[in-house]
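Can you keep this structure in mind? I'll have questions shortly.
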């Protein structure tokens, strides 16, 4: 753990009056945004297919008086909503895409609503809704208090592997922003000083030659064999990369019919490491494994890079701002019913190290490397970025599980969402009222970033992979 | 090669008058049935989804005066069309299902009409249409000549792995039949005395435990790992089974998203061997491989048996009947345009051993083991069955290829279809007019089948897998 | 089956007198050569290490009056023994190498004499001894009857993968020979008209980078990984080569110690197919698999070609000569004790299709492809070669098993050895006395070989791999 | 890093006089022990085969006046040498086994003395020699100063996977000991407060059925297939165990000859984790992988547990004692020649993070998990144990490499050895003269060990695997 700068104390007097009033108003409108989050939970739309979800968010922004810009970077579900004008420009990012296969009812046992359908296993229905809630609340406060500056909601689609933020940034959507605020659903509350994992994602496509699998298997060249050999080779690679590496894949296309030697097969793979240049070296070796699969099977391999994100760059100043506000907001208190739900769902968890009750606390910021990746990483190397997290999930529930999807659709998730919305709103208020904080965020940014050259592993001419979720 | 019984010569006098007239009428109506085959080629519907194709065939039968029975065995696309009454009961079987991924235009180069869509790579559009053409032609002859007996068209869906004929037989659709006539598109003409491969088809389903693949891979149990380990083990098995065995599979479900440890994966596998009891032993070992995948990955494996067919039992008498009629009908003559098409498409073939021009001949019946499987196999162990083949494909073109799909949609395929229809029609005429032939077919059947006990590897309570083509 | 030329009948009169006397003398000295075979069985020396075995054979030849030439092609255990002079030159080949791991006592149950030690699982102790027995018997007959011509015993080491005959031929040891006679232990008697499998053998050597496997596995590049990936790829290859292909391998070096990332690993692989040019294509693909292993594991691969043999070219004339003589010699009769042994050992066999008692018969020559390979194959494409086989093994016992090793050390094996020796001797007598037969053998040779160009896949500058059995 | 207890300061006065004199005497006799280490380096004997090495060490001890006890636990190369009597009993452990395949000359490039031969890649030639040097020096000091207590040298064979110390402990060799001193060659100097990895080692033996690999591969059941399937499964396991796990293996037996389906194959595997109970769970899953290999290949699998060691339990008091003495001794200074050697050898290293020159310093003790395992781990959970390390290897050189073997045979290794010997000697002097330190060591031991129950994963009735290095 790292001690935080104390420069913020001086600014404390400025804000004392407004915050309680804003928090009170937010409590009054919390139910509405809970409903928004529930609707998006029900839509459960996957990356770049968030049509209903983005439509709902845009409609809410318009109604609240934001100027909505649509179709950013040619992405139908990417948008911004802007209020006010001039400096500073403070962005709040919201996500709203679901995950395949995680359809789940709001019960503490595995029960898909629709077998095999997508679900909000990462709580992005809450993510986009809390950011909306914060944005509207801050806008109301700005309007009422004639606060100068620009507030912008970033509707960022396809965080789960589609890289929406990258394409929005490339299209110039962030060019005037001073500070970006973000958050993520979690099983605890706090302001982050930790990093995430750099990631590269690609589809390895194998092209073979079809043949009748019984009549002339020797005339065929199996694309699936190419894939299998490559995948096997990647398994052997695991021993010989740094232990903090993560490599995981699915067989996204595994042949058309058993009686035809497959002429097409597709491996969809992610690789991650805390450090992008180290990941580059590992990625080269993964490519060699894929090439080996093609070589051995006399098939052809093409790699389609789908997405890549940097690890996130923490910002010391913004982490401190977020921490102070999260401490003011406090954590999540369960009703007896929620407590019972939590206890039941925890029985399904392999790891219950984080105790029940911990969701009531706000943890101080700590350095470290997280275990996930986000396209917010690229934002964080280009702009000062704050990252909060709130206990939308029962303590111990990891993201990308049915347990997370269950929490995200019921009262527990909504309570965490309100915590996040409040933390974001109060932090935005601080940044609008205290120019030193914006400057401090920029100084912190420059310090950690020193000597770094940002260069996304996604080629410059790459178009958003709008169909990456098709199978 | 085996010498055929000569008992047929005695019957020769009976038929001399009728056959030329019937053949002449068939030439006159060939264009219509060519159009039918082209429509089904365009529908390109996969197993148990042949709704338009079966509707067209039923409509043709009704129009021709057949009594149509629908929804046989609870299968929407299974049907029969019956004409006449009393003994003998002669069946003609027709198939009409397409294959996944083999969409192809009628050009001599790889060009899908719709990328990834199904196509008639096995020529079943011709199969069902030729059988229809034969049935209607025989019916007209029976009506005109007051021929006694029952003629029945069997509309048998989902030959490609769905086992339609098995369920129709179980539902009693064949119970009164004396002899069944069948044919298959090929790159040569003749009457078969050879067998096919017994086959068992199943989906091996692996159930694991999902987890965030980066955050907690050690908390997950990968269903895809189970599948991969099983598939690898099966590859090792290949060396240690008889060389005439065939084992082939696809990964029909390979995980939902790379960042989730897959909790479900599915291997769709066929195994074949010329002899069903030997195949049983091999199948047991395949199951062990799948169990090993589950054991090693701490996942759960379930096998869903999809289909199984016996190798076909040749019938010496019927092979001779078919041979004599096919010799009368003769092979396929190409126009210069068709010749050019054939030459171009042959350049894309790895094996051109069968020479261009051979499609003009009719080969004599020969013993041997074919390289494919068919649900007609089960019919052949229960009823005397004749199997013809006709050159619908350019010599050298194997089934289950885009080349076959191309031929099946154009004039070359249609010419072969007419050959088959004529061969079937003349053979049915023989059987209706010569009771000795029906008796001879039954004697031949009893002789080859001696000591055999038919028992399908598909459990008795198994329902037709109407959704086996869903992915 | 193929009908044999009848030209031999004319020669029948010539021989009637001599053969019974020769056979009678052979019966009188059979025990001695049985002892020789038993000694070599006990030596059980592997390829190129047959020092005692070759010494014994040379000593026998010298004692019988042959001129022994040693150290042929620089191989300590390769030799020839020559008697007489002038034309024709008739060779008889003998082998005497054992197989690793097949040490076995002369009992009908698995019981190694020394665990893991070599054993005569292919009966080569009998092979070399029967050929010696035949050579000495023919020499005695030649000397007694003043027969013109040259008789030569070829002591050919390392048949099991070492290619002794190839190097002897390259060194000129066969240059003046007219006809070569050979035989092989089997579970039946006859003269062969069938072929064998062409074979290529190589060691695939992987070179990696050692590292402490616990401390720095990511710093190592595992040669064993390279091997495993290559081997896995080869398993996938099996489905897509002609079914008559055989590919089999061992891991001859699999790492030094578990706690060191292996910097060396070695795959010792054979591939076979009835046709050498087809095998060449398969071999190219095996090399690609090995290269893929190196590519994927960032190791280096080197292929060391160990040996290669052609399939054998049958000789119609010689097959007929051998057949006639084998029919005269007759098969093997068991004592009640041998019968009991045979029945017991047959209970350990998976396949007992060949019935007990069949060892008493001599089968007529038949075309076909055998299931083994031999360095005699290269001889057969360069010189007319006769190949007999005799029932040294209980019917149903395959070569390369402990059952074969057991038979080869006891009376059953010795009886078969005598059959072979007699068949060889009588055939040599025919060739020495009937010049037409030698000419006929040459004509038959030229006919089957037409258009063929012999070119061993073993590079010209390759030295005999004298240490190929070291591990 | 953890602050060390300061209780030692009080004892400082006691020792001031003796230590410099002892150190001076050690400098005078250093060359002799350097020669001992060089002899053992040349012997390069692997685990349980250290006959010459142990004979030399015993001879040295006897000459120095120790009472030598041989053949401890029935192990020919295990021994103790004892001097003095009464309490306290202070042990010093020495190792002297080499590693397979690491033969290396004392040059800064890869150059085996004998290709494939063992070498001292872990510097155990220095280990046993330094401990001997320390023991003799302390003995001389005790004798000269009439110091009360018992000093015992433990000659512990087969540390590299043979578990010598475990069997010696089980045989009672440690039963009266109060404190055990140990050290290990490294590329830096210090006293350890870190732990090591718990380890389990086993041979997974697969038993199949031999068959001629070309003639009847389907009759064989390949033991090598069983091994390969198991190994592949283990590769898939890597993703789903905690990232600090280590699993590594070799194929210690991979088949006898390519043309025989292998009936025996052997995987020699180590698994490690910082925590023994976690390792137990991982081990269960490895066993499942091995069982899966047998299941899928229809072979039989037997596991032979070879060795298991606990992670080491640090002792705070002894770490402090060691640190103080190592600081007094200081590090290693290179001559210009050694500097040149070091610079050259460092060019061959992938990781040069530890700078040249760092070998001159002594690092303070730090908590952490090491990357290796040692049978000293089991000692450390049963008796207070001190563990030093000294820079016998050029900075950056990891253990188990040819670079380490090179250093261990030349002046650089010898200099590090002297540092270790001095550190051990001074620490033993402290323990003999200051009873509080022995008590403190016992208190520290009890504190860290609280609640723990020691139970080796090696079964109680297990005999030392004296032949575990045979291949």
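For this structure, a couple of remarks:
We just call them A, B, C and D in the order they show up, numbering each chain from 1.
Following the convention adopted for this analysis, a residue touches a chain if its C-beta (ideal position, glycine included) is under 8 Å from a C-beta of that chain, and two chains touch if they have at least 3 such contacts.
Everything quoted here is computed from the prediction, not taken from an experiment.
When each chain is reduced to the average of its Cα atoms, C sits farthest from subunit A. Matching CA atoms, the turn from subunit B to subunit D amounts to 180°, rounded to the nearest 5. More C-beta pairs in contact connect the chains of A-C than those of the other pair, out of A-D and A-C. One simple way to say how far apart two chains are is to compare their mean CA positions; for subunit A and subunit C this gives 68 Å.
Spacing of subunit C relative to subunit D, judged by their CA centroids, is 50 angstrom. Between subunit A and subunit D, the centres computed from C-alpha atoms are 47 Å apart. Shown for subunit D are the residues in touch with two or more other chains, namely 217, 228, 232, 235-236, 239, 243, 248, 261. Those residues of subunit C whose C-beta lies close enough to touch subunit D in the complex are 99-102, 116, 121, 160-161, 197, 201, 210-217, 219, 224, 228, 231-232, 235, 246, 248-265, 268-270, 272, 350-351, 370-373, 398-402.
Of all residues in subunit B, those touching subunit C in their complex are 232, 235-236, 238-239, 243-244, 247-248. In the complex of the two chains, the subunit B residues touching subunit D come out as 217-218, 220-222, 225, 228-230, 232-233, 236-237, 239-243, 261, 285, 288-289, 291-293, 295-298.
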